[in-house]
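Note that the chains take the letters A, B and C in the order they are written out, and that residue 1 is the start of every chain.
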Amino acid sequence: MKTMPEDIEEKEESLFEAPPMAEQERMCEAILFASAEPVSVKELNDRMPHGCDAAEALVHLRKRYEGRGVHVTKVGDAWAMRTAPDLGFLMQKEMVETRKLSRAAIETLAIIAYHQPVTRAEIEEIRGVSVSRGTVDQLLEMEWIRFGRRKMTPGRPVTFVVTPQFLDEFGLESARDLPGLKELRAAGLLENRPPPGSMPKLGESEDAEEEASEGQSELFED
Amino acid sequence: MKTMPEDIEEKEESLFEAPPMAEQERMCEAILFASAEPVSVKELNDRMPHGCDAAEALVHLRKRYEGRGVHVTKVGDAWAMRTAPDLGFLMQKEMVETRKLSRAAIETLAIIAYHQPVTRAEIEEIRGVSVSRGTVDQLLEMEWIRFGRRKMTPGRPVTFVVTPQFLDEFGLESARDLPGLKELRAAGLLENRPPPGSMPKLGESEDAEEEASEGQSELFED
Amino acid sequence: MAEEFSSELQTDAVAARLAAEALIVDVDGFEGPLDLLLTLSRTQKVDLRKISILELAQQYLAFVEKAKQLRLELAADYLVMAAWLAFLKSRLLLPPDPSEEGPSGEELAAHLAFQLERLQAMRDSAAKIMARDRLGRDFFARGIPEDVTRIRRVTYTATLLDLMQGYARIRTRDDFRPFTMDRDSVFTMEEALERMRGLIGYAGEWTDILSYLPAGWENDPQKRRSATASTFAASLELAKEGKVEIRQSESFAPIQLRKKDEDHA
């Protein structure tokens, strides 16, 4: 209709009219998402249709993702999408592995539970082997045992006792609820009745003589 | 020492109170965004803080991304973020060469998808030729099909089913969304119709077994 | 009129022959008799549901006949199908014989029609699947996936029964201490542990665990076996405690042990 040269130019331009800004934003979004590396504004413009303004689209896109779980960030001269830094903890998968407590640890724990308060020397005396630091540390860390009060014997050795967490874990009201030797025997865990009088005195060790009244041995002999 | 269980419980509960839904949505967004593979609802819940409801957060998230350059899509039991298909033309750089499949492989794949779980003998009955080992191997190798459970028919033949990767590859939410599935079922074309008495067994291979007409998988029996 | 009609027939026949020849030349391209039947059925130019199976059988038989004339080798299953179609044709043409057992010609024809329709449906469906938007072609996954760091957390468990058994074990051991002393050719794991605990402080280099056997236990086979077993068990225990590292280059190779470097622990 109109034949003025400027008009024609305008018409030609409209043939190549850039997509609406919202569409350009979508395009930037898709490219940044799928790209294996950050993308420069120039590359975005090269990849998007003629007439697009990636720089402006990025401004909108960045704003859109503000406060979201994903951010639009500048990496050097290029742009990338990254998960929000505060959600980094989600990018870890915790694998809980349950392992059986070692035999040494179980025995140590059992001795502490049955004989508390008990010193390391007493535990070693009862087990017949030395108790490794690792075993005790492990039980302390699991909060199944804790330090009790020191013994009033030479060297004032520390004692170990079981914790409320331990009782809770094993479904016991108190350490007194632990099955006694008689029950262990009845349950077939102690196969042979030891000859009378051959039971070693519990907690018997060089630094434990005076502790008889504190021990729980009487609990287990009925 | 008296404890007040209710009190403690209440306190503990409030410690583990789930984050607000908007925050859960951000979390799902970050996790899905960060992963190239679909992520199951279970894994989302495992990775998000205690008490989160990924399934609900995903509903919100999917809605938020409607019409965007990136979509939130369902793939089987899992979810993924994928660029909008209409923007594929921008991604020449990311395009991966798709492996050319033989006509036999494509047909076999379609038969497995629509008839799963399906035995080799059933595939052969439908195609009228024996299925070459290479065809099945190729589909297995591409992880588009996998072995399903054995049929409870004589010989207990193995069955084939399509995988989540197949659904992902073709943008299907589930095997129920296969194109034209409803029409095919309505037309009775997915029925396992045994041939009348003296029909020649087509494409019968040495391991073909007499298949009872078990009908279609529970997948299609909604 | 009649002439015109017959010439029309003739052109038709020629066209059909040409088509058949084209099919035969391409016989390798067919995926079995069902595929061939499906291709032939297209010449009927009707909906597959309205196909004349009788006509199709004739077309197929004509095709096989032509192939024979051209001395083309057809695979056995094409011939089986031909024989069956000939049988089907006779059943369809002859009035049903009430004394005859088995399915009627119509039932057999219906099933064949079903098979053709089903195969066509699967082909159409396959095409529809392949025409869908594809991952990596039309839509794309995240380009820079972030790794999920896996954190391994170990929790230890024990039950009351473990505890009771452990305790019972200790007490039983006490009760029978005199007897265990009698077993003089048995080197217990406890003994091995005790011995090794004292020695591992010096085990900075990889050393064969056999060098940890106590003096006087290496020669008598029974003693050696017991000491080896308990030393090995004690080594495992020490490794479990994180005190030592153990390695073995292959099955039956010497087992070596060294103190675990605290700095790397």
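Convention: a contact is a pair of C-beta atoms (placed from the backbone, for glycine too) under 8 Å apart; a residue touches a chain by one contact, two chains touch by 3 or more.
All values reported here derive from a predicted model rather than from experimental measurement.
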Third chains touching both chain B and chain A: C
From chain C, the most remote chain by mean C-alpha position: A
Rounded Å distance between chain A and chain B, as computed from the means of their C-alpha atoms: 32
Whole-Å gap between the CA centroids of chain A and chain C: 36
Rounded Å distance between chain B and chain C, as computed from the means of their C-alpha atoms: 18
Multi-chain contact sites of chain C, meaning residues that touch two or more partners: 140-143, 146, 148
Overlap residues in chain A, where contacts from two or more other chains coincide: 30, 33-36, 83, 91-93
Chain A residues within the chain C interface of the complex: 30, 33-37, 80, 83, 91-107, 109-111, 113-114, 126-130, 132, 134-135, 138, 142, 170-172, 178-179, 181, 184, 187, 189-192, 194, 198-200
Touch list for chain C against partner chain A, complex: 140-144, 146-160, 162-176, 190, 193-194, 197, 237, 240-243
Parts of chain A lying in touch with chain B, wherever the complex brings them together: 25-31, 33-36, 47-48, 67-70, 81, 83-84, 87, 90-93
Residues on chain C engaged by chain B in the complex (per definition of touch): 31-35, 77, 80-81, 84, 87, 102-103, 107-108, 111-112, 114-115, 117-119, 121-126, 128-130, 132-143, 145-146, 148
